[in-house]
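Following are the structures in question.
Note that chain A is present in both complexes that follow, paired respectively with chain B and with chain C.
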Partner chain A sequence: MRLRVALVSVAALLLVVGALVLSGVPPTEALAELARGAFGSKSAWAGTLRETTPLLLAGLAVFLALRAGLFNIGVEGQLVVGAMASVAVCLAVPGAAGVVLGTLAGVAAGALWALPAGLIKAYRNGHEVITTIMLNGVANFLSTALVAGPLKDPSQQSPTTRLLDASTRIPDLYSAPPFRVNLGLVAGLVLIAATAWWLRRTVAGFELRATGANLRAAEFAGVPVRRVMLWSMVASGAIGGLAGALQALAYEGRFYAGFSPGYGFDSLGVAILAGASPFGLLPSALAFGALAKGSTSIQILGVPKGLSYVILGLLIVVFAVVRYRREGARD
Partner chain B sequence: MSLAVRLRGISKRFGAVRALESVDLDVEAGTLHALVGENGAGKTTLMRVLYGAIQPDAGSIEVEGRARRFRSSREAIEAGIGMVSQHYSILPQLTCLQNLMLGAEPGAWIAEGAAVARAEELAARMGFRFDWHADASTLSPAGAQKLEILKLLWRSARILILDEPTAMLSPADSDALFESLAQLRSEGATVILVTHRLPEVMDHAERVTVLRGGRRVASMPVADTDARGLAELIVGHTLERASAEPPGSLGEELLAVQGLVVAGYRGDDAVRGADLAVRAGEIVGIAGVDGSGQRELFQAVLGVARAKAGVVRLFGEDASKWPPSRRLEAGLRLIPEDRHEEGVIDEWPLLENAALGLQRVPPLRRGGGLDPGVQRDVAERAARAFDTKHGGLRLPMASLSGGNQQRFVAGRALQLGPRLLLAFQPARGLDIEATRRVYDAIRTLCREGGAAALVVSFDLDELLEHCDRLVAMRSGRIFEPPPERAKDRAEIGRLMVGAA
Partner chain C sequence: MLWVLLVGTVTLASPLILAAMGGYVSERGGIVNIALEGKMLAACAATSLVGFATGSVLWSLAAGIASATALAWSHWLLTQKFRVDAVVSGMALNALAFGATNFFDKRFTDPTHIGEMPRLPLGAYQALAFALPLLLAYGVRRTRAGVRLMASGSDPDKARQMGVEPVAVRFWAQTVTGLLCGLAGAMIVTNAGRFVDNMTAGRGFIALAALILGGWRPVQVGLACLFFGFAEALQLVLQGTDLMGAKIPSEAWSSLPYLATIVALAGFAGKSRAPAGLGKV
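Entry: the complex of A and B
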């Protein structure tokens, strides 16, 4: 039975090697370059951690909803409106006050963006996958329109806001160039630990997990399941908004059309790979972040960036097989 | 007479537990053979060995005279064996026809007309009727059971294993089931019936095999024994008569239902103006055939079903507007009808399942948190109450057998100060001994703890034996016999069916 897991792993590896051979690059060299690009130097590490930050938070957003039995595909949209709202506030209110208000605005925007999906799910039984995908579309067009209109920096050709000055940015917690760690990453780690504790130790966390694990049993156990669904969707959106706000205020310093390269969608994979514990988000977000960083350096060798998605996809397949085995074995 | 099944020396261990020890079983072709024993006696395990779902450590299997070694259920099905487990495998999202064919489709392309024709033919043979294109979610428990049996016939099974088939059925539906099984046997099929209900064995089986602690302790024609003799073989000692001394003086009214109307899930009213009062110290049983509104009454008392009209008073207060959580906090406890769907979370450890439904009850709830010490304590006491056999409180609920899950759920309902216990078929899947212990514990709770219990069962004998008084439910209304006839079988039966 372990054989099946081994076979899938080997098949996955062969697919990666095959893809590399097809693109005309020696596989060992490409994979070594991928690893070097992600972890090979201090600046590589800094880049990997930077890529990991939004994935960690967006992954937590998906994870929390998933625990409540909801598949929040809308983290992408929540992240985008969160980023936009935070930058809009910071453009108006500079300095540390702006950073605090902007972050809160991002959280509120993300929560607001999830609210309709939560309401429709809880009280009209409309499927959250459909509603959140639709809200993603709205977030995308709305933010593009705003950044091409009222929020646009007139001195720029492309639809982007003005760059925030350094005093209106989330600072690095530790900085010894080329290595640095931003406060945003630490905030993500703290939030994950807090969520893990909350899910395990509080009545509200217990009731959220019960709702996700067996809706009917939760109802019979006195859990207000509709309220739980609504609030876990809103909380998930708030964390998604926070992910966007941190990405904007810590790293990008501005908002522009096409702000997210798909963090919200990658975070679906991050959350699924994480398994049942929030701490599983750490390795899985790091894996995604490392591949994102590493894949930019193998582009130089002529390997398409999309290869990192191939690897991620295969990683999820292998993980699914392993987990399936574990659950099957219980029977 | 030829043997349909011949098992010799079947042994199976799970870790340190010896589930089966050198068990023999002979089943004659064309007969109904009953397999009885307590929870954990090995009945289901033995049947799963025959069905190829479990590989035995030792022993041999012969089916219709041929030695067999099944590596999977698929091979057992090919050899003509079919099994319906305790948990139905009907998928509610699929239609009846799709469920019937699932896993045994006639080909890659399904000719729907031909499939329906064959389904109709099988159903007609058994005297069943189905709307083949309706969702299976619309099926009653009896309908689902019938569909399960047709699934076996669809797969051309000649040897049918039924594990507790009547656990969810009303007496009328059970009778209909046994008529269908008689019909099947007259066509040459063999039936192995796993059951706790000895009257069924006495009325319908030709032979009976008794398992105890993983060993076969007896096998004989049913004509050579009686229900009492069988019961003693099952538990291994002489049974004491249940001590159903009448309650002393009753206390305050803990539950009062007045003019209650509750919608059924199909839109029409399932409870139509029910009145009932339960006072501290008493165990009240609700008799009635399945679907008379018992389910909706319970759900309205718990608060998960909304009352369209009427009042529910709990512990002296109007609780009609209370959410379920407040009712549970006030001391309402539940042994739900469908343990699987309503009572436990399969993949959660016992430790967490112990808190389910009690999570807001102090001292388990402390501030906004769950007290880990109290939680462990509750879990240990819930498991100990009826000797739930488990491998550790951190193992998932799904690792327990059905009967042990039921013991745990019943034990949990007694924790943290219960004042009113709602028990829906509390003995479902339990053996004689465990059933008696559960009712004894409920009685102690009511007599000494000042609590009360409301019990629904479709087994009138069980209610008569264990409850202080009975009421009957029919067509959404409650009918109370005159006090002096509150345990009169004929009177209750009359009220159940509405005869004048």
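Entry: the complex of A and C
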């Protein structure tokens, strides 16, 4: 087992180094530039924290479902509909009421988008991976159609909504340009702490973990496993929707075609890397955020941006081999 | 217009059929495969890059198939030897393929795009795609290899008692999956002329949808692919025209395969028709 882990890690590292050599950049220099781009200055830190925010929340969404034994690949779609719903509401309702209603709309949209997957998993025994992949496709097409049609800003060429009014934006908690921290990041941190407490200290949290750990045993012990699966999927979708709403209201200020550059997929990596504790999400989201921010600066050196996805894939493989192993037959 | 629709359906359905049959072989052998998309994309890039570099049909096709097969073998190694969950492995391979194709395309493509990619006629792919479901339907029941494949995916423990080693059978199944996804990718890039970033655009997932909608039965899966190909062709033909006074956005057509799959999974138990030993060791 040790040997396999070592083998996979070395192979992954060789692939990345090989790719860097292929692009004509010395690996050490690329690594230094990556670190500089992510942590080298105050503005780099601000950018990294900005990239970390959606990954933290979307990662929590994947994490929660994973604890219940479900793969929510649909966070991507839930995030997109959440962002779109929140922007649509905030365009209509100005002021603080808009922020609250917009955020709630995002949460509701995300939950609603996960509902079919939860229902089909709990009561029809259809695999949640398949349904969420399909729901991602529908979310993608629905948002593209709406943002090119009814939600489109008529004065713009590209499919995008109007820019939100400053009064409906989530403000910065601390702002000393170029460094700033948005309230959205704090919301993510609080939610993670709350989830950790909930999973540890409540009956519902225990039932969720029991369902994920051993479905059959949980059922024998009297846990209503179908209901638990349904509600953990919906809760996961709600958090995914919140991630989209915060991303829209805190940072982007509008919704447009191609809003998510794959946050939902990155968050799978974040959740897998986090391991068994929600607090593991903090370092893993920060790592992915730094990778996203830093990879833009090595692009200037001539390394194509695809390399960051290669690293993402390899990271998932290495950590999956280390700890996320299937135990015998999965029911 | 009817002729255009027919040709469009056949051309758009063929790569779906090839990939879906790849998925069929993988899942009948007992390995969940959500990485059809990644394998097709890798084949697209490899076929295009090697085609431009060597000018040889043979080499470009071989490169496309080899890249998809390499990913398929990784899937086998990770799921069967390292016991990684097949969904995690599939996601990772999709990300890997997405990143690596972007990397190689940006690094090695001549930005002026001089010259042309050598191509096989589309008809060759189409003929194969339409024969394949029938061949597989026959093969899994009537040949030794086919029965061993079904046994490995239906009840690996009983297969083992009968002297069939499921892990070995699955290796060859993954090889076939790689080959077929490689051909599907090669056909897509042959049709387009050259590689574009993320050019498969979710077709691997539509093939997966067809596999489920067809209930893991080759001929039915092929028909589902035809239906999805028809929807895509219809969308291209009807683009921008009014239908009964209302303008249907093209996205509505594009989401049809996904919606159909969700409805199908909600309507009847998707699991009861799936290979019984799917995901078992």
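What we mean here is this: the second predicted complex is superposed on the first by the 309 of 331 C-alpha atoms of A that agree within 3 Å, B and C clash if a C-alpha of one lies under 4 Å from a C-alpha of the other, contacts with A are read in each partner's own complex, and residues count from 1 in each chain.
Please note the rule applied: a residue touches a chain if its C-beta (ideal position, glycine included) is under 8 Å from a C-beta of that chain, and two chains touch if they have at least 3 such contacts.
Remember, it's a predicted structure, so these values are computed and weren't measured experimentally.
Under the clash rule set out above, the superposition-derived model of chain A with chain B and chain C contains a clash between the two partners. Contact with chain B, but none with chain C, is seen for A:N214 once the two complexes are overlaid on the shared chain. When the shared chain is aligned, no partner comes close enough to touch A:A248: not chain B, not chain C. Applying the stated contact rule after C-alpha superposition, one finds that A:T202 touches chain B and leaves chain C untouched.
Contact with chain C, but none with chain B, is seen for A:G126 once the two complexes are overlaid on the shared chain. Contact with chain C, but none with chain B, is seen for A:F141 once the two complexes are overlaid on the shared chain. Between chain B and chain C, C contacts the larger number of chain A residues. With chain A as the common frame, the single stretch of chain B that clashes into chain C is 94-102; none of the other options in 58-66, 94-102 or 238-246 do. Chain A residues 330 lie at the interface with chain B in one structure and with chain C in the other. Listing the residues of chain B that touch chain A in their complex gives 302, 304, 323-329, 334, 336, 341-348, 352, 355-357, 359-360, 365, 368-370, 372, 396, 398-399. Within the complex formed with chain A, the chain C residues making contact are 32, 34, 78, 81-89, 91-107, 202, 205, 208-209, 212, 249, 251-252, 254-255, 257-259, 261-262, 265-266, 268-272, 279-281.
Across the complex, chain C is touched by residues 4, 8, 19, 22-23, 71, 73, 116, 119-120, 124-127, 129-131, 133-135, 137-138, 141-142, 144-145, 148-149, 265, 268-269, 272, 304-314, 316-317, 320-321, 324-326, 328-330 of chain A. Those residues of chain A lying in contact with chain B across their complex are 201-204, 206-207, 210, 213-214, 216-224, 330-331.
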